[in-house]
Every structure is written in structure tokens, then in C-alpha cells.
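Each of the two complexes below includes chain A, the first together with chain B, the second together with chain C.
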Partner chain A sequence: MDKNLASRPKVKVAFWITESTLAYLLLLPAIAVLIAFMLYPIVYVFLTSLYKTNRIGNLVKFIETDNFKTLFSRREFWEVTIRSVIWTVLAVSAKTLVGLTIALLLNVDFKGRKLARTLVILPWASSVPISAMLWQWTYNYDFGLLNYTLKITGLWKHPPHWLGYPLSAFFANLYVDIWIGIPFMALVFLAGLQSVPPNLYEAAEADGASLWQKFYHITLPLLKPVLLIATLLSCLWTFNDFNVIYILTKGGPVNSTDILITFIYKYAFSFLKFGPAAAMAVVAFAILLILSLLYAWFYFKSERY
Partner chain B sequence: MKQNKGKFVVCFLIIVILLVLLFPFFVTLSTAFKPLKEVYASPPHWIPYRLWWRNFSDVWTKYPLAQYFINSFIIASGATLLNMVLCIPAAYAVARLKFVGRKFLLFSFLVVQMFSPIIVVISLFKIFARLGMVDTLSSLVIVNTVFTLAFSIWMLNGYFSTIPMEIEEAALIDGCTRLKAIIHVTLPIAMPGVVTTLIYTFIWAWNEFMFALTLINTAAKKPLTLGLYDLVGRWEVQWQYLTAASLFAVTPVIVLFILIEKQLVRGLAGGAIKG
Partner chain C sequence: MKKIGLIAMTLSLIPLLFGTPVGAKKEVSFFLALYDGLRPEYYQDLNRAFNEANPDIDLKVIPVDWNKLHDKLVVAIAGGRPPDLSVIGTRWLLEFLDIGVVEPIEKHLSKELIDNIEPGAMEARINNVLYALPVAAGPRFLYYRSDIFKKHGIAGPPDTFEEMLTYAQKINNPPNFYGVGMSGKKYVELTEFAYYLLGNDGYFFEINPDGSYGKCRVNDEAGVGALTFMNDLVNKYKVTQSGVTAYTRDEVQDLFVSGKLGIILIGAYTDVILKQRGVTFKWDYGLIPRFAGKDRHPLMITDSIMMFEASKNKEAAAKFLEFFYQDEWRLGFDKQVGFPPVLKSVGKMPYFQAPIYKVMVNSMSGAKGWPLIPQWAECNDIIWDAIGATFLGQKTPKEALDEAAARIDEIREE
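For the complex of A and B:
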């Protein structure tokens, strides 16, 4: 008995050491890959942003924060940054509202609900770049079926040349981004709605609560954690949307539909100005870091690690 | 009576929403069955005069669609395989073992998976140039692995943590080595999680566009997304072929996606929807 007790702590310590060694060994390959192809590139972008670069992106001369100074003095940089914010706010609000509406509708028990749920997923399930190409055809002014349908149904007698003018092109891009983002919102809210205990509604009904009162006082407060995490996630995705804008309009006409993410790409690979592009990437990185830290923090809070 | 009326309204609204959401897919189907003359008819019409099935065979003979498919398949399978090799041990470690920095690592994975590829594409382009790997499929295998790795570890960590430790410990007491216990006991139970992660990586790589656009120049090495984008760039786009090819390219991933959609949503939203 005594012997057993004495030997116990020893074994435990030894076990703990082997356990953590094993953990580090198992993690090593994945972390090495992430450091080499994720962390190092981020550090390299920071470095590039402080250098003058040549046309193939080699670092030529250390120029401190000159890239940032020129960037911040440029009007187009601010236009694009502000547009990124407007883009994100408009798209995320629309996705949240429509997603919530669809979730509430799909939460009603009706025939064909399962099929409807599956069909709602399709815009998200489809390949984003290919969807963007298909939308380009849908938006076609002369031969596209969107304008044709709007005209013959009388919904819009004179629909615009969607991708041809700055304002309509911006909304055309925005609509496709929203269209892709709606299914996730609908699904996540539906999952949230289904975890609301039904007896809460029954109790409210017994007290004579109206449909709106039930939604406002029961559903909405219970959905709050889902709402928070889903909108943060959506902000990240929307801010990052490269494929839709690049494929539909390449940021045109005349940069009118560029957001920060597409502008970075344009600066680097069309204008071959790697220094300023890297400086913009640093700005985008800072914004994304704040959003993803918030997301991860709320996620951790909800999971209790 | 009142309830029936309510259900009728709900059904009606759902149908309207579906018509709007599926609009581009209707356009795709309509165009894929039209000959060129009808595609560029003004005013356009929804129903093709006659179903023009030939588009679906012509795309394979007139364009290197088969090559694009093979390339996409190589990239996506390569990335999936590499991802599995890296993420299974890593996820096991964070889910099962105690070590200093575990929480920090989990948190970092969650943050890292949200970073935009655009931020690092400038550096990655330089890195691959230095390694002599620009214009190779392996460069795409690597980037697709890297950008799915953090989320894969997350998803799998979730699955591993739900399996009771006792099952594995029982195997250890029965004289199994730890490795054997993992392979014969833990992994089979976590199989749904492994499959979900696998499918997620495959779809991500299959749909990836930006890195392919940046790293690949040779036509014979282009994956589907980039190959189809080339068709759009031409002066007069053959939309009947593009839509037909899209249907081939997109259908398999849509089916795969619907299989994992529930787990994906849960993995992304975490405890907020577990109720």
C-alpha cells in the first residue's frame, strides 16, 4: 500500500512528460507547414511593405514607411477602403435579414420542407468562381435572361446595363455576394431556432402573446449568440470576397467596384507595384485580424474550452 | 383553418424565394440546351425550341475539358491527402493530450483559418518562384492544403473530443500500444469526422480560383475554374458550352457539399447552435 502511494506521483510525472512530447511530435508537421506557408508569408508581406520593389517583386531598397505614406495620400486608396466597408455592411445586413426570414419560414412544418431546405443551400454549395461566370451571363444586357424576365413580368420596364456603369455594377456585384452568403445564414439560424425549447412558445401562447411578441421576446434573445458569431463570420467572408468582383467586373468600370482585396491583387499582379500592394495587404491584415480575433473569442466563449 | 392559411402563405413565400435564389441555375439549364443561334437571339427566350443535347458532348471534344477535370482532380486529391496526413495527428494531439500552449494553439487555428489568401499571395508567389514551383500543380496542392489545414484540425478536434477517453484507455489496458489504439479504436469511431474534413478540403481545392490564376500559365495545367474562366475571356463567349461545362464541373461538388453541410455549419458556428 505504502509502496503504491509512493510510486504514484513518479509515474504521473513521467506520463505527463511523454504525453506532451508526443503532442508536440504529432503537431510538428502541421505547424511546420503553417509556419512555412502562412506565417512566413505574412512576415514577408510586412517586410515588403517597407521596401521599394522592382517589377518582379524583389526588395530593392529599405524605404521605411514611404509606401504607407504614399498610399494614405492617395484618394483612390480611401475610396476603395470606404467602399470595402460599405460593401461589407450592406451585404452582411442583407444576408442576415434574408437568412433570418428564410430560417423562420423553414422552421414551419410544411410538406416539401426538406426539399426546400436542400434547394436553399445550392448557391453556397455551388463553386463560387463558376457561379460568378454564370451570373455574368445572366446579367448580359442584350441576351441575358434577367433583364428579359424583368421586362416581360413588368417588374422593371427599363433595367440597367448591369455591369456597364459604376453604380449598377456595384449593386450587381453586391447582389451576387449576398446571394452566395444567404444559405449559410439561413442554415445557421435554422439550427439556432431548432434548439429553442418549444415549451417556451407554449407558455407564451398561454399568456396570449402575439406572433411578433413571441419572436421579439423569445426567439431573438435566444438567437443572440448565433447571430453574433454568424455575422462576424459573414463579415470576414464578405470583406474577403475576391472571386465575385474579379470575375464579374475585375473592379471596373474604372475601379468603381474594387474593394481592398481586389485592389491589392490588381496593384500586385496588374500594375506590378508590389510595395504598395504589400502595404495595403498589411492594412487588410489588421482589419481581418480584429474581426477574426472577435470571432474566435466568441466561439471560445460559447464552447467553454 | 387559420393554421392552414398560415402554412399556405409560408409555402407561397418559400416558392418565391426559391425562384429568386435558383434564378441563375435556371438560366444555366436553359442556355446549356440551346444552340449558339438561340443563345444570341434578341429578344432571348427561356425554353429552347428543341433540346440541344449536343452541347454536352461538344464541350469534351472542342475544349480540353477532360484535361481541366484531371488537373482539378489531381490538385484536390493531392491537397486532401496531404491535409489528412497533417491534420489527423495534429487534431488528435489537441483533442486528447495535455500540453503547454494547447488552448493558445486551438485559438490560433481558429484565427488563422479566417485569413484571406490575398494577403499572402504576393509572398507565396515569390516563395514558389524561388523554389522553381511556379506553374506546377504541386504548388496548388500545397496552397490548398495550407488554407484548409487550420479548419480541418478544428473540425476533427471537435470529433475526437466527443469520443470518450475510456474507450481508448480500455484498449491500452488490454495491451494495445497507443498507436494501435488510435488506429483500431479511435479513428474508426471518428470516421464521420474524417470524411467530413476530407470532403471539405476536396471541395475547397476544387473550387479554388485565385491561386490558380496567379500561379498557373500553361493551358495544359489549368484546373477547371481557371480553364472555364478562359472561355469567358474570349471575344464572343460560347455560353452554351460554358453552361454545359459548368453543369459537369459543379454537380459533383454540390452533391458532396450537401452531404457535409450540417457538420460544416456546426463546425463554423460552434457552441452557439449546439443548444
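For the complex of A and C:
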């Protein structure tokens, strides 16, 4: 058989006809788009962070790390960075806990489960800016639905100006971010739960395991990969959540709800200071890269065991 | 045959890759700021009428919210795709000149148009070069509830801020009705603070003998006095709505329209808004007060239409300006936005002989505008933070303004 194959005359075919070469050729447009719209901007931002720029972001003079030095010497940069971390930790923790709880509930067969699943998706299905605008009106002190409901039900006779004070504005923003992010977590966890073999629970029940024991020893370990991926993605998205804060408070009052991403926007597009803005973007990139690497290390370590 | 057809079809699509074909319309894009009171029908009709009268030009009027316009323009400029024309706050002109994107507009326009513009509105004429065409000149007024004033035996609008406080205390009835509105939420303009600052004979910068701006002086006696008074209205006398840092000036205007405020300091255009929204209460207007013993220096805000240097169809854009600045379209615009006309011919029309417009014109005497410096957007932001920190009790007015002035002087030296 091999001899027959070897003796056959080699047929010349066009280079795009072999499978692997064709695959690469077909990937080229996607690669070009990735380079143009992802790699090039990232490289340009890194470059910009090392340059003095003019008011429209053109590179003027190489100043090494001066942008970073200026940034690190400003108290407000550290305040905003720490606030971004707190914002991410609180939001992702809440989204994970609530999302997991909802997923566990939706995993149980009950009447109306399909409707419940549809309702859970709604916040995520709406556009984020639209949702944020709706909440902006809901939080309105004089005309908003929240305060109106609190007053007429007697639950809170004098509710606060939710967006008018630093602490309440921060938690008001946080709530909206959590509200929007819960559906994604719930759906991902639900998909993960449905891949857990039911016979494991049956065997555990036969052994007399309690609900908590089943959750701790079966559900959690098997859900771990999904948990890791979902929380990592949530961290990346939450850290860079521009829409909610920009629409609700624009970082106010008095910059008390500014996180790194809204601060970067302000520096770049309100103050036209692209150099420091790029430096902040590099810092944000570094934080998220370290986080991703930590996650990856933890994920692959647990895979080995 | 099939192959020939396919090749022919492909070849016929190639010209589309090389841009617009010969004989295509000249495209002109115009960012129009959304003034309160300006109805969509107005600019849709303007767009349609111009295109019908000029079949070789494709005008696109793009409405943009005022609070987003500056950022939108910066993004467009940085992306290399600015519009041909845009309404701008004239205070942004220096910034755009510094970037190098402004086309001096006078050479594209007819002498008749230029001569028909009120000289007082030509804020965009710098070193004898007209860079942008005035589109709106906005005096500011004090509006008040004349029915409530009458009920409390108050004769007319206050002349001084001290009188305003007295009247506000008389009519204040929280939580349903407040004496005077105050905005403390950051906005694209610093009007709230400017009323009190200019009314206290203060200004943002020292003026050098050659007319240029010196050091920031918001933290001098006039500035600190102004902010202290504002803070006292909010936190000491409590005659304003609560939670002022949650309210932009548009939201304070909404409170007045909904009947919850007795006094508001706002643009003169509010007359049009109140009529459009069909308010049933009685209201009246007066000049922005001053502090006792000080001269009156009201705030004058002008907006302009700027042409971008990158515009590929400057003559077509200029043709639109000639069209827009015809009496018919300017009358409609000025009536809806509620500002006095910038055109002499429109100013003579019967509509603008109404008392309110006479008061508007008289109020411009002694008026001061925003500083024309490239870093004004950042200065605006810094001063707003100082005001917010004061209202929230985080800093005293002196501390907040000292920090703001130092920071502003620092960025101007960068």
C-alpha cells in the first residue's frame, strides 16, 4: 500500500487548497482585525505613557517614566486605585454569592422555573447604559421611584439623596453594577451545575450526607473551574466598568465614586492629558494582568491535583 | 458565461473602494448643541430646507447634549474625524486654537453677514481675527415665584444677595418648598459659583495690564466670601433644597418648573421653558443680584459656531452658515432658545421688543464672560470639586479654594 502511494505521481495543487494553509489564510482577516484594533492600540497606549503628548494625543517628546512619577506623586491617583480595588472586590463577591444562590435555586425543578430563568436574564439583556439611566431616574430624590415607594409605604419617611453624598453614591453605583452583573454569573453557574452528574448526589444521599455536605463536598469542587473563570471575567469587567459610574454620578460627588477607568476618561477627554491617562491605563493593565496570572496559576495548580 | 458575469460584477464594485464617485454631494456635518427649548422639529426642518435649496450639498445636523459636547468634540478631533462645523462654548475656543484645529471663519462669509452681527457678541474675535460666529449670547436672570412673594408681602425681586437670603428665609417651607435653588453637582459650566463670585466683584484670574490672565484669584476675599455665602445658604440657613451635590443646574431648573423652589438663578431662556412646559404658577424675573456695596457684574455666556480646519467642504459649510443666519431661521432659533438675538436685523423685529428682551440687553452692561484659556475645562473641574467639598463639609471655603487656586496655577504652568 505504501509503495503504491509513494509511486503515485505528485499532483501539484494550489497552495490555498491544502487544509492547514487554507486555515491560516482564512484566519488572516481576523488576525489583521485583532492586530489593528487590539494589539496596535495596546502598544500605542504603552508608548503614549512614555511620551509627552499634545492636546490631541500626538506624541511630542520621549520623557521616560515622568508620567508615572507625576501620577504616583498624586494622592488622588492612589485614592482612585484603592477605590477601584474595593469596588471590584465588593461587586464581584456580591455577584458571585448572589449568582450562585440563584443558580442553585434555578437548578431545582419547580413550577415556573422557566419564567424565573427568563426574569433573571432581563437585567443582563438590557443595554448597560439604558439600565444605568433607568437607575439614575429611580434614584432621583424628588421624582424617582425608589424614594416614592419608600415614602408611601412608610418604610423610610425621609430617604436620602442616594447620589448626593459620597458613601451613598458609592453604594448606589455598586448596587447597579451588581444588579446588572448577577444574571451572567447565575447563568454560568447554572450551566456548571447542570454538568454535575446527579448520581453523585444520589450516592451522597444514600450515605446520609446533609444539604451542606453535598454542597461543600460535591457541588463546590466540581464547580470550581467555572467559579474561577466566571469570577476572573467578572473582576476584569467590574474593574473597568465605566458605563454605570459615568452615567449615574460621573465620578462625583467630589470624585468620591471615581474608579481608575472613569479617572482615565476624565484625564484623556476632559483635560486632554493623554500622557498621564495612558500611564494610568498601563497601571490598570498591569493590575489586571497580575490578577489573571494569579488566577491561571491557581487554576492550573488545582487541575494538577 | 457565469465566470464572465461574476468578473463583470466584481469589476463594477471596485470603484466603490475608492471613495465617492464623481458628481456626489458635498457632505457637511454640523454638531448642534441641544439648547433647552430648542425643538427637534426646528433643526430637522432646517436640515431639510437647506438640503432642498442646495441639492449639491448633503448637510447632516447632529444634535448633541451640551454636557457631552466637549468630550464628543475632543474624541472626534483625536480620532481625526471632526465635524465641519460645531456649536461650541466660546470658552473652549482657546483650547481648540491651542490644538490647531480652528479655521478662521471670517474669510468664508459675506460682509453682509458679518456686519449684521452685534459687535458685543463677537467674543470669538481674538487679536482682530474672527474665529467663530456667535450663535447665542446668554444673559442670566433671577426667576422667582411672584405669587409666593405676594403671599408673603414681598414686593419684587431682590437687588442684593443679602436681600435674596431674607426673602428665601421668609418663603422657605421644607420639605415641599425651598427658598432658593442651588446646584452643587459638577456640570460643564460653573455658572452657580460665577453668579456669586462676580456679584462680589471677584473673578477667576488677575488681569494683567496687557489683558492676559495672571494668577488664579478664586481664593481671594471675593471668592472666599462668595463660596462662604453659598455654603451658608445650604448648610447654615438651609434655604436651599437638600442634597445640593446631587443636582445639576438642569435638575434645579426642573425643581423650579415643578413648583418646588421660590428663587432660581439661571439663564434668561427659562422664560421660554416655563411657557413651553405650561406652568400654572405665576413667576417673574429680575437681574442677578450683587452683594451689598458691590457693582453689578452679571455673567455673560456666549456660544459660537466654529469651522474646523480639517473640513473638506469649507465653502459648502459656509453656505450653510449664510442660510442659517437668514432672519427667518435666526428668529425661530432665538425664539425657542430664549436668548436675545445676535443679529441686528432680528433684534429690530417686534417679537424682541418685549420687556424681557430689553431687560436682557440692559443686563449685558458690565457683564463678564468666562476666561478664555486653553486649560479652562480642567480649571472648571477643579473649582467644582472645591465647591462640592465645601457643601459636603469636607473643607472650609478658604481651604477648598486655596487648594483649587494652587492647583490651577500649577496646571497653567505645565
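Everything that follows uses one rule, which is that the second predicted complex is superposed on the first by the 262 of 305 C-alpha atoms of A that agree within 3 Å, B and C clash if a C-alpha of one lies under 4 Å from a C-alpha of the other, contacts with A are read in each partner's own complex, and residues count from 1 in each chain.
Simple rule for what comes next: contacts are C-beta pairs under 8 Å (C-beta built on N, C-alpha and C of every residue); 3 or more make two chains touch, one makes a residue touch a chain.
Nothing here was measured: the structure is a model prediction, and the numbers come from that model.
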Original post:
Just chain B (first), just chain C (second), both, or neither: which does A:D142 touch?
Top reply: both
Original post:
Touching A:K250, do we find chain B (first), chain C (second), both, or neither?
Top reply: second
Original post:
After superposition on the shared chain, which partner residues are touched by A:F269: those of chain B (first), chain C (second), both, or neither?
Top reply: both
**OP:** Figure out whether A:P166 sits in contact with chain B (first) or chain C (second), or with both, or with neither.
**Re:** second
Original post:
So, A:G57: does it touch chain B (first), chain C (second), both, or neither?
Top reply: both
**OP:** Give the label of whichever partner, chain B or chain C, reaches more residues of chain A.
**Re:** B
Original post:
Touching chain B and also chain C: which chain A residues?
Top reply: 56-57, 142-143, 269, 274
Subject >> Partner chain C, residues of chain A touching it in the complex >> reply: 54-57, 141-143, 158, 160-166, 250, 252-255, 266, 269-272, 274
Subject >> chain B-touching residues of chain A, taken from the complex the two chains share >> reply: 16, 19-20, 22-24, 26-27, 29-31, 33-34, 37-38, 40-42, 44-45, 48, 56-57, 102, 105-106, 108, 110-112, 116, 118-131, 133-138, 142-146, 148-149, 179, 182, 184, 187-188, 191-192, 194-196, 225-226, 228-230, 233, 236, 239-240, 242-243, 246-247, 261, 264-265, 268-269, 274, 277-278, 281, 284-285, 288-289, 291-293, 295-296, 298-300, 302-305
Original post:
For chain B, which residues count as touching chain A in their complex?
Top reply: 6-7, 10-11, 13-14, 17-18, 21-28, 30-31, 39-46, 85-87, 89-90, 92-94, 97-100, 102-103, 105-107, 110-112, 114-127, 129, 142-143, 145-146, 149-150, 153, 178, 206-207, 209-210, 214, 224-225, 228-229, 232, 237, 239, 242-243, 246, 249-250, 253-254, 257-258, 261, 265-266, 268-275
Subject >> In the complex, chain C residues that touch chain A >> reply: 70-71, 74-75, 77-78, 95, 98-99, 101, 175, 184-186, 242-247, 254-255, 258, 260, 374-375, 377-378, 381, 385, 388-389, 392, 394
